[in-house]
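Before we start, here is the structure in question, set down as structure tokens.
All chains are identified by letter, namely A, B, C and D, in their written order; residue positions are counted from 1 within each chain.
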Amino acid sequence: MFFKQIESEGLAHYSYVIGDSGEAVVIDPRRDYKVYIREAHKAGFRIKYILETHRNEDYVIGSVGLAEHTGAEIFHADAGMDYRYEKAVEDGREFRVGGLKIKAIATPGHTPGSFSYLLHDHKGRPWIVFTGDCLFAGDVGRVDLPGVEIIEQMANAQYESIFEKLLSLDDEIIVCPGHGAGSVCGSEIAQKVFTTIGLERKYNPKLQLTNREDFVAKVGVEHERPPYFRKMEELNLKEFSPQDVFPTPPPLMPGKFEALMKEGAQVLDVRNEQAYASAHVPGSVSIWSGILSSFAGWFLSYDRPLLLVADSESPTEIIAQLYRIGFDNISGVLNKGMLSWHMSGRDSRSIDTVNVQSLCDLLDSGEELLILDIRPEDEIESNGRIPDAVNIHITQLPERIDEVPRNTRVFVFCGSGMRSMIGASILANAGYDKLTVVLGGLSGWKSGTCEIEL
Amino acid sequence: MFFKQIESEGLAHYSYVIGDSGEAVVIDPRRDYKVYIREAHKAGFRIKYILETHRNEDYVIGSVGLAEHTGAEIFHADAGMDYRYEKAVEDGREFRVGGLKIKAIATPGHTPGSFSYLLHDHKGRPWIVFTGDCLFAGDVGRVDLPGVEIIEQMANAQYESIFEKLLSLDDEIIVCPGHGAGSVCGSEIAQKVFTTIGLERKYNPKLQLTNREDFVAKVGVEHERPPYFRKMEELNLKEFSPQDVFPTPPPLMPGKFEALMKEGAQVLDVRNEQAYASAHVPGSVSIWSGILSSFAGWFLSYDRPLLLVADSESPTEIIAQLYRIGFDNISGVLNKGMLSWHMSGRDSRSIDTVNVQSLCDLLDSGEELLILDIRPEDEIESNGRIPDAVNIHITQLPERIDEVPRNTRVFVFCGSGMRSMIGASILANAGYDKLTVVLGGLSGWKSGTCEIEL
Amino acid sequence: MFFKQIESEGLAHYSYVIGDSGEAVVIDPRRDYKVYIREAHKAGFRIKYILETHRNEDYVIGSVGLAEHTGAEIFHADAGMDYRYEKAVEDGREFRVGGLKIKAIATPGHTPGSFSYLLHDHKGRPWIVFTGDCLFAGDVGRVDLPGVEIIEQMANAQYESIFEKLLSLDDEIIVCPGHGAGSVCGSEIAQKVFTTIGLERKYNPKLQLTNREDFVAKVGVEHERPPYFRKMEELNLKEFSPQDVFPTPPPLMPGKFEALMKEGAQVLDVRNEQAYASAHVPGSVSIWSGILSSFAGWFLSYDRPLLLVADSESPTEIIAQLYRIGFDNISGVLNKGMLSWHMSGRDSRSIDTVNVQSLCDLLDSGEELLILDIRPEDEIESNGRIPDAVNIHITQLPERIDEVPRNTRVFVFCGSGMRSMIGASILANAGYDKLTVVLGGLSGWKSGTCEIEL
Amino acid sequence: MFFKQIESEGLAHYSYVIGDSGEAVVIDPRRDYKVYIREAHKAGFRIKYILETHRNEDYVIGSVGLAEHTGAEIFHADAGMDYRYEKAVEDGREFRVGGLKIKAIATPGHTPGSFSYLLHDHKGRPWIVFTGDCLFAGDVGRVDLPGVEIIEQMANAQYESIFEKLLSLDDEIIVCPGHGAGSVCGSEIAQKVFTTIGLERKYNPKLQLTNREDFVAKVGVEHERPPYFRKMEELNLKEFSPQDVFPTPPPLMPGKFEALMKEGAQVLDVRNEQAYASAHVPGSVSIWSGILSSFAGWFLSYDRPLLLVADSESPTEIIAQLYRIGFDNISGVLNKGMLSWHMSGRDSRSIDTVNVQSLCDLLDSGEELLILDIRPEDEIESNGRIPDAVNIHITQLPERIDEVPRNTRVFVFCGSGMRSMIGASILANAGYDKLTVVLGGLSGWKSGTCEIEL
């Protein structure tokens, strides 16, 4: 018997391979699907089924490619949608994988046709439930994505899926969700790779709302929807083919790199915020690789080829992160990073940085400045507010950019400094030039003597 | 500056990546071309050119796939042939790769339009010549492949290519050939990963034949042509596409495996000769993985899917060897090898083995038996002949099988025992049942007290 | 937060790395401990604590080496024993690892001072309990190892540990045990990588024995004790040092290999049973790599150097399996396996094999023969008995060898054929020469028409 | 036959593994010697000999550890020195490795007892000469290291070694040297992984000095000697043991990191110059990983533990570079790099950067500033001098630091900007605060319109 949870970092997405007696099933494969073949075959299993929990919206699913390579049978959820491939799973359907049994349980709410899958052991006893984006450790899946007009209906469905279906399972059943902490699919997901029905029943805050009205009122609300979700939703109904290959963009000398920029390519700098601060290609967007999956879909365009500035000429993991959310048109990577750029005598830009203590001192000095806090409102409320700061959530910065004054020195502020550099790069590309990023952000702020409103 | 020789074991094929200042060239890439991208990008080079030395006949070249993935420009040789892709190289054409220069030198003979490539260093001085299948360490390329009717013409061309072109280079030039020892493209290739013009001028036996007539007489002869060469020649003119993916055949349980056999799949057992001897799937062909590249093209069909029996469920290196010579239709690998076959109660066959000393003793006892020596005649002549053995070269065994008596105990014999098991499996599949393979073969024979004719 | 279960295959041993906020803990590290450093550091954690659940008896623990390399603090269990290193854990002691808490719970029974460790999440709530060899999925740890004279006392302790301590935890707590299915530390461990308190409470057969007397009667029994356990118990109290390096035995040519045999080295052949059957070095013991961890400690000596016959010159995984149970004196690996042995003209032995159907036919024919079933009695009872077979458990074969007649043809029989070859090699080395191994064993037997007593 | 050149990047050191028929030899192994065992065993070779070309001074040789792990016999050169291990090679001694022969040739000059090794092929013909630090592609080994008082004597010895011994070999012999371009053991080594006797005879500038006096005058000069050479020379006579383990420093949270700083640890920041510029731990030395091997031995102390700031928590390749030159006392790596430092609210420093065009504009503006060119004099002469720059070679900066004015804005300048940041960090740690590093350095300078003296 074989069990493997495969995490796509950044997306905090969990997919699963379960194998027994020569057969395996994969649940919610990611786009770069070779990892499943490698794991299953190494352990001696033929992939028999691919099960989807729902029409995913935050990444490109790899079902079709995986099926074409392996001959596996795909069962997708969300039967009513316009799928171009394979069969839809039905409520109660059972799948045999070696001596194991998996039963499909309709758990709508996150999408109209979401499914959970209950794995039974060799003796036919329920053991693990794969809950997709219905139930997470510490949270439940958001219900606003199918459309604001049916949000209440979805919240009610989610209520029934959880209270009437999943919570009808016994406390000892293990829960393997579709996402871990850090996913945009749930804002309060706990840092737990797996949980149990009993743990969630007791401690999951949303599951304490046993009254339907309370639950619907709390869960049935709108959250931010990254613009790339639309693209994912569209792609995940289509029949991709395995031709759809993993990109291997070449290293490019500065001359070629610049020429492609002039032809319209967008430049993404994934180095950390300090390297970007010191010197970067004018016009480039900064999104550090550690937060790339969360923000690429907000600030990059699917319509223009991508050029990368990175710490390596073969940034495979970064390319994988982009590929998983549909950015597969990558023209190249700047050879030797900024070193070759500077050695070619090209122009570069920099952005000032300041550590929190120096900023506090500056505030005390009474110098005129503006702190632009680009954290979302709920994070500000939970973690602390900087007095006199202007708050614009980073995702709204492009459209609300005019609220930021051009003649004042702007200190961009977030939780740690990572997101601030995204904001600063957006402002810089819009012509702002009195920009400083606050290194350490709120975390540093709290360690010092600076004032804070809690 | 970057230089890497990449060997495809089994084929004893050498391909090369040379890089400088952000640009790289690949010479004669193999079909599974990702290795070149990985090596070049890791070192910071964009692949700019792909150079072919000739229309290869012993493996599927990876130029088109590599070009599609990288944007590199392909230059093929053999301009007159019916190529479906890219440009033909011309004699004297120069390629710039960073600060290096590569000059094309027409060296026909192995094929009508073969080329060598002379690499010059940063100061423009000749440094390394890539000779493809024109000149090897210790041998020259065979000239019989373009057709027996033009063999003399090709031998003359080869003479001119070597004596008038390559040997006009200075002694100190390094020679990087297209094959090493073990290739079917030259029977006497020395065990040297690289050599020099001077070393070959002095010691290469064929290059001592400075008189044209002597050279043509010696070199202009027919050799065996593995049947798969025709397939390679045909494929290497075509425009493959990167869709042409590397196979990932699933592990199969015995029932499924047997069902595919009944539908017409051929079974290839790549375990070593001893494992096959002890027990194997009835009807399977034995070719040990260590000699797979040399013999698969003789005994497997391109028209039937392949099933594998191997020591692992994911025999990637074996699949690569098959893929490189066009066997990409692999339906599966027997799960857990013969263990699952036997545990399912299925029938199996075995073949007797004997070590050389026991065979010698048997011979002394006067028992009636036949030694079938399946080595080629030239190998027998060079290394020693077994008295009273019947000689049929393994490659001719299928068509000359009726020369082997059915009622005598047959001892199959070769240099070490590896090829003998191929022969025994062919005989067994043709209904022979008194078969014994001689373990250790001639090598063991010579270590003992058995009689031999030298 | 980081959680990783690391399995040592063969031993079916599970060790664990748990990390949070820069700190990590390792539970029951194996001897080749670099894997923990690699995993922890890659994820950004310094290993702070090493926790042992008990003085292990089935493998060499890697605590001291890991501590010396990392500066981690070791807490061993079994305080009363003569430990030469570090501190003993105390009941109720709490360990902080980042924002997580781990609490030690004394759960004696398997050893007098066994411990379990209860991991609490960031909010201080119990989440996962690491139960070592106290509680497994589907079984409880054996209690006979501390000594037959205190077996009842230990069974009572185990009863209290389980019913009063572990089962006082809530159903929803996840259970991560020290072993999975296949370990000699529990005969009925289920094929589950993890379980929960609730699942065990409901389904674990031993946990249904809620009456103390019933439990003690059932659990307080003697099992086989592999002889190597004594060695492990002794080593696991000592202070090893990191000098204790992982072996890298060289490939050896047959002449050197044979010379070392003559100097007293023992030869272990880890190829599968079919390869061994066909030809092996005279005097070698056959233990296929897939069952090596289970049987090496029964049939190899710690006092003589080891020589290996394997399918590869660098059988790292096999060396790791031996190293983990203290066999670190490995002099070499036969170069090119049996091929070089035979090519050197050396003598070899073979053992006949038969598939089950042929054996059944033979039985029907009335030929005189003996089936030697080397499965343990409980396995025979559970799975089926072969009529007229003589039963000697493989582990008792050396001392009961005289019960096997020398002049009858002996068919060695087990579940699948793998263990049979161990038995056949032991008999062959004792001079038996009419030996045949039954391929497929009971599994094959059941698939056919052969008679069986259930 | 097996041939592998293994490069230690940074040191541009080449070691070699040559194998044949089960036996292998390693020439000049590096300290982390496992790579040789892996390569040799994978290919089926037992390492029989370890040959040293001389008592190395630029890295710690791995002979003793490799010998202890493999049983190989070491032959060191420089017989007169105070070696604590194994045998000294003698002139003319022959070593058999399978069917190959290697002959030792005394080629003193770089050290008093340097040796070259001439590899003969299977037919006994000279093929490849391993020249250690006697002859490189494009240069000869320096002769000043044995002592300035015997420099002329060594230069004469080098003359004889090259002209009377190596050049007595034929042009076609391949030359495999001990270093490639970038090594401090020869300033003009060409970018060639291998060369030939003929190529060097014709083109090596030093080999054109056929007159002994000219050669001695040119070669017998003093070069810079990095201070760490003394340490290497001392270590390379000693008998290390395999206990001498590869460091695995843990990730450290800022608090622990800072505590170790206060106890006297030195901080090395190996991130690229831009990341360091933006923010770094006060007091840290900047040496970018790409030039670490060349400069660590100049600016780090062997007497204080090291702390690292890097882009990863497990910077294995960086640790290897340090380990190879004896820096094995590494206490830890800053967890999450500067991010965790800032999030803990700690103070950091930054250094201004400027691109070349902006600097040129500034120069035109007449602002008072000083360009500190830290390139060596010969590099300045070859590549171009910046008007009015003050030149202090980076290696002399610590002792000549008082020549740098404290009240002027100092622009640190080198070839590309990489070395400049080392200089700037040294100045910053000495209290200088008006520092700017010129990104792109001379390379960028030449691309623009800035003035230069050639």
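Here, contacts are C-beta pairs under 8 Å (C-beta built on N, C-alpha and C of every residue); 3 or more make two chains touch, one makes a residue touch a chain.
What you are looking at is a predicted structure, and each value in this text was computed from that prediction instead of being measured.
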{"item": "Third chains touching both chain D and chain A", "value": "B, C"}
{"item": "Most distant chain from chain C, judged by the mean position of its C-alpha atoms", "value": "D"}
{"item": "Centroid spacing, where centroids are CA-atom means, of chain A and chain C in whole angstrom", "value": "41"}
{"item": "Between chain B and chain C, centroid-to-centroid distance (C-alpha), Å", "value": "43"}
{"item": "Between chain B and chain A, distance of the C-alpha-averaged centres to the nearest whole Å", "value": "48"}
{"item": "Residues of chain B engaged with two or more neighbouring chains", "value": "none"}
{"item": "Touch list for chain B against partner chain D, complex", "value": "1, 3, 20, 121-123, 125, 127, 170-174, 181, 190-199, 201-203"}
{"item": "Complex contact set, residues of chain A against chain B", "value": "21-22, 34, 37-38, 40-47, 69-71, 241-243, 245, 248, 250-253, 256, 313-314, 332, 335-336, 340"}
{"item": "Interfacial residue positions of chain C with respect to chain B in the complex", "value": "271-275, 277-279, 311, 337-339, 341-348, 350, 353, 355-357, 416-418, 439-441, 443-448"}
